[in-house]
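Note that the chains are named A, B, C, D, E and F in the order they appear, and that numbering of residues resets to 1 at the start of each chain.
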Amino acid sequence: MPRPDSRQNDQLRPLVLERRANPYAEGSCLIRMGGTLVHCTATVETGVPGFKKGTGQGWVTAEYAMLPRATVERTSRERTGPGGRTQEIQRLIGRSLRAAMGTMAFGEYTIRIDCDVLQADGGTRTAGITGGCIALADACSWLAERTGQPSPFGRLVAAVSVGLIEDELRLDLAYAEDKDAGVDANIVMLEPAQFVEVQGTGEHATFSRAQLDTLLDLAERGIADLFRAQRQALGW
Amino acid sequence: MPRPDSRQNDQLRPLVLERRANPYAEGSCLIRMGGTLVHCTATVETGVPGFKKGTGQGWVTAEYAMLPRATVERTSRERTGPGGRTQEIQRLIGRSLRAAMGTMAFGEYTIRIDCDVLQADGGTRTAGITGGCIALADACSWLAERTGQPSPFGRLVAAVSVGLIEDELRLDLAYAEDKDAGVDANIVMLEPAQFVEVQGTGEHATFSRAQLDTLLDLAERGIADLFRAQRQALGW
Amino acid sequence: MPRPDSRQNDQLRPLVLERRANPYAEGSCLIRMGGTLVHCTATVETGVPGFKKGTGQGWVTAEYAMLPRATVERTSRERTGPGGRTQEIQRLIGRSLRAAMGTMAFGEYTIRIDCDVLQADGGTRTAGITGGCIALADACSWLAERTGQPSPFGRLVAAVSVGLIEDELRLDLAYAEDKDAGVDANIVMLEPAQFVEVQGTGEHATFSRAQLDTLLDLAERGIADLFRAQRQALGW
Amino acid sequence: MPRPDSRQNDQLRPLVLERRANPYAEGSCLIRMGGTLVHCTATVETGVPGFKKGTGQGWVTAEYAMLPRATVERTSRERTGPGGRTQEIQRLIGRSLRAAMGTMAFGEYTIRIDCDVLQADGGTRTAGITGGCIALADACSWLAERTGQPSPFGRLVAAVSVGLIEDELRLDLAYAEDKDAGVDANIVMLEPAQFVEVQGTGEHATFSRAQLDTLLDLAERGIADLFRAQRQALGW
Amino acid sequence: MPRPDSRQNDQLRPLVLERRANPYAEGSCLIRMGGTLVHCTATVETGVPGFKKGTGQGWVTAEYAMLPRATVERTSRERTGPGGRTQEIQRLIGRSLRAAMGTMAFGEYTIRIDCDVLQADGGTRTAGITGGCIALADACSWLAERTGQPSPFGRLVAAVSVGLIEDELRLDLAYAEDKDAGVDANIVMLEPAQFVEVQGTGEHATFSRAQLDTLLDLAERGIADLFRAQRQALGW
Amino acid sequence: MPRPDSRQNDQLRPLVLERRANPYAEGSCLIRMGGTLVHCTATVETGVPGFKKGTGQGWVTAEYAMLPRATVERTSRERTGPGGRTQEIQRLIGRSLRAAMGTMAFGEYTIRIDCDVLQADGGTRTAGITGGCIALADACSWLAERTGQPSPFGRLVAAVSVGLIEDELRLDLAYAEDKDAGVDANIVMLEPAQFVEVQGTGEHATFSRAQLDTLLDLAERGIADLFRAQRQALGW
């Protein structure tokens, strides 16, 4: 069964990382992966959450939302608080980006990454991580200039989805594939080859140890490509 | 005192109306007025609010929100319900766009206009009306095709801000002007020259009848230009 | 078409201002305009909102609510937060009353005006402004006595509604007129003849520049009468 | 120790029951007991809560609120839902007024009693019951006229507070007494001499069986006076 | 009519007080009264509510909740705030346990009693008071050890329900009796024989003075038994 | 470094599955794993969520909560809605238990699994899955008896945590291990050896592919033991 856009099973969708897409934020990146479009900004705020106060350490956290017509059917705004899915995504993005930091000892600042989905064609949370990492790196540099300290950024973090559709194991699922996937996994890695998160979920199907191994192989190869694109966007 | 961008007092900022900017919505327009950028979509939904049920009539309503870094300082998401300012803006946009309808007897559908501010440099609510009108006109055509009825759209609606800054009366205020304006007014008009809304507010100053007259003159001229741009975008 | 109560089009309804109607508040006024009855109190509270802290300046703000049977049909209490209409009214009353202040440099106090509608027969928000101004003036005097400073009160503020009903332009609409009005405007002025707010809205109709001019004339004359009644109530 | 207003320990405060004080409600009563002033209305609504649907029976319920300056210090509006004290009072008033009904088989209507406290000088919940009973009786008559059935009202209900202040047992406590009372009890009775509720609470003190007996005696005598005043107000 | 479990009308259900049932809390008791099972813990927290700050005094408060299947039909979790019934129960338990304190001058600590109902077969609030008193006594001893002061605990408090079922007056109602009771009363007493709360409610029926007297007699005798069981559990 | 309770790295804590621990629920299990104690009930409700209506299919969902003193420090009740962590856990338990169903075509019923944590010593979500599966199986049998259809239950599901503490890879972490774990993974499997969920998270550390492989090996062996215990509890 060919993929909707005729890609190979181990091929990423076309990727564009538009660094500094926002005129005001301390770091920003507009990431496009196929039909998915996520606007990522990093804001440096003075102060930290209660559990970090007085430690001299900073904090990195994330928020995630979709414009109502990012989706084919309109999605209501989450005006009575973020729902369960949104909170789960925010927590994943936050944890992943904290893993990218070289040190949290950059003073009592909070770096808040906002991932706003302008178009949703699958893989919005992983795109948020990959694009948010660019915004975070730039915000760290901005902070370094202000404080005269070295940048607290550590290593690049990137993420991709993989899944089992009928009998095929595929990289970087578009929405049309994702909604029917028996198994859907999101893999987050730190450069060059360490895992930060592995979240594999089978609601419509389960998966064997051998299938899991293949999914991890696919993700590792795809994320290596994402690291190259991030380095290019940052001019590293 | 020259304006920040050296415009004449009766001159609009550069305007771009990108019709059909969203791939999924029944109508859409990305409106740029100087540094202000608002993403407007129109969604046609089956059903109407309770007070319209059983009347055979439709409804038009609006929602308004800002991305967190649409502003120089980050603005928190309104996750515990829209605040007072947001509701006031939503109600204004909704009323204004209902005035553009030729008839509400288009069946029990709700046309929901979402105005999402990507960048906020003054005049976001008036830009939402001007851009939202394009999205609404296209959604009306979409609906007409579905139902085989004539489009329920009536006449173009557009809006602009005017204000008193120190002693000068100016058209289309940018944020740097707006925040210091003694008097700030938003004027909404229906083509060719009828008023829909006049909202003039003096918190830092008050205004005389003569000043109000001049502000209305400025707005009428600016809105005539907006009508021309809307016609061009729609190919009318 | 005669008015429901046989008034002339440029005539106010019978007005009563009962100053000091509440035994506890620092200023209060029960205002009756025809069948509309609003209980206004001014409370002086220590402290100011966050954005005023440390400035040595005070703040003036307003709250607005209706008893459930202020209306012919029962209106539910707003127990999950003030709705959009209520917030819009509160913001209007607050801005209008701040315009009445001669100075905000009266120390870090908040003067909170509560407008509770006991009976609603049209024009409740404008009655709240006119009656709230009496309560505010007395609270300023109370504060002046406590602090030994001159009263921070500036000039009288008053408000009235005007509207277009079928082809007639009328002053001070009762509910039966207001609900069918094609155009409804609320005008707030500062003594003797400056505008604070002009809010004209046409949902069922639009209005020409000439009609707007006549509405403003009507309002100016009506508000001059309100200023006289306020002066008498205050013994000025 | 004399009472603040020199009353005898077994004497009620001056009582006024102004029947039909509200122009719109199906029943209403403004009750004044000394410095306490409560505006009670009864609204007949079509429909019943879920647990009564399909039974052919009606329901009686109550809401309670205070104007912000009903109290010496301003009390915030309960805009995020009624607090614990308010809900407890509402439930008490609702239960008490349901006891006044002769039958609940008056069709699927809800009679909603709103008790809004304009001035609070102690005993607001008991005044709400006594005044609300008048509003309820009239709403039952109104309903009887509409439906052509006999009025579902049964017997008069009235309530009063009693308490232990230092060593004295007193009837109908004013706020200055209530706040220091060691024991505070609210007694609700049905004409002629049945108990509906007995709520005696000792937070600052406890009470013996003998003291409880005397408190009940005081309440029985005071409520007999309230029944007489209710009959007079209703013209029975 | 015999009782469902063949008890005498003046007989308590089998009672078990399992002191220190929770491994972490400063005081705890699992109380079983027939089929009712309530897990009570006492937590000592640093700090007091605002109205106690700076007084050097402590505070005692309570929370109450039910597991969803504590009841025959599942009861929804109260995830949008405690409902009216829950708040009323919490306030009753809190007041009752404060009455048990010998002094509130034990430093600015809050002792929070959590009553979680594992099984609900009638009398859960009174069981919460009786069991919560054991947890409170132990938390007071724990605090006394920490501060080197004498325990602030005063006298035992216990509670029981009584009611009128058809023509019979009964002690300690099980759920099957409680739901049909014409009159239901909860009585809280302080050792040896003082009343803290008397809450008698007749929704389905009213009660005479003579019936109230008998209910109070039943309660006094039942509570005397509870005091004996508490003393045994505490080893006093 | 030995484990706190001297277990081998590949050893589970002592496990007790008390089937039918709740007297009212359609299925229930009290699961104890070392110091962790979770009360699981299954409730069969008529009706399904909106997205299942009219399909003839049922639904399985889960709720999760902790008693306040399930933890060493008191945890506040989630009375303004479940927090992000709770929702994430609920979604995980719900997905996992749906995987255990042989068919969803058991009629429009919702089986709701409540997991209430009485004591929390690590691994509460995985214990909720393992214990909830017993409750679910019994509720399916209950439903089968009512409907005369075969039980819709499919295969056993069980779960366990594994983690990386310093350099050691361990099975079934207790809280003292979990809080310091560099990597923490929850593995859910379907009998005999299929994966349902793999959630590996490294906040304090990252993990290599080889470490992930070992963690999966540990989990597979531990879950095989859990399946044996579940079979024994169910008498299969």
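The rule we apply is simple: a residue touches a chain if its C-beta (ideal position, glycine included) is under 8 Å from a C-beta of that chain, and two chains touch if they have at least 3 such contacts.
In this text the structure is predicted, and so the values were computed from the model without any measurement.
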{"item": "Co-neighbours of chain D and chain A - touch as defined", "value": "none"}
{"item": "Per Cα centroids, the chain farthest from chain B", "value": "E"}
{"item": "Centroid comparison with chain F (C-alpha atoms), farthest chain", "value": "C"}
{"item": "Chain pair equivalent in interface to A-B, over half of contacts matched, among B-C, E-F or D-E", "value": "E-F"}
{"item": "Same vs different contact residues, chain D with chain E, by half of numbers used", "value": "same"}
{"item": "Chain B-chain E separation of Cα centroids, rounded to whole Å", "value": "60"}
{"item": "Chain A and chain F: spacing of chain centres that average the CA atoms, whole Å", "value": "28"}
{"item": "Chain A and chain C: spacing of chain centres that average the CA atoms, whole Å", "value": "51"}
{"item": "Multi-partner residues of chain A (each touching 2 or more other chains)", "value": "81-82"}
{"item": "Graph class of chain-chain contacts, one of line, ring, star, complete, other", "value": "ring"}
{"item": "Chain A-touching residues of chain B, taken from the complex the two chains share", "value": "22-25, 28, 35, 39, 41, 43, 45, 63, 65, 67-72, 74, 77-82, 112, 114, 116, 118-119"}
{"item": "Sites on chain A touched by chain F in the complex", "value": "81-85, 87-88, 90-91, 95, 98-99, 185, 190, 193-203, 206-209, 212, 216, 220"}
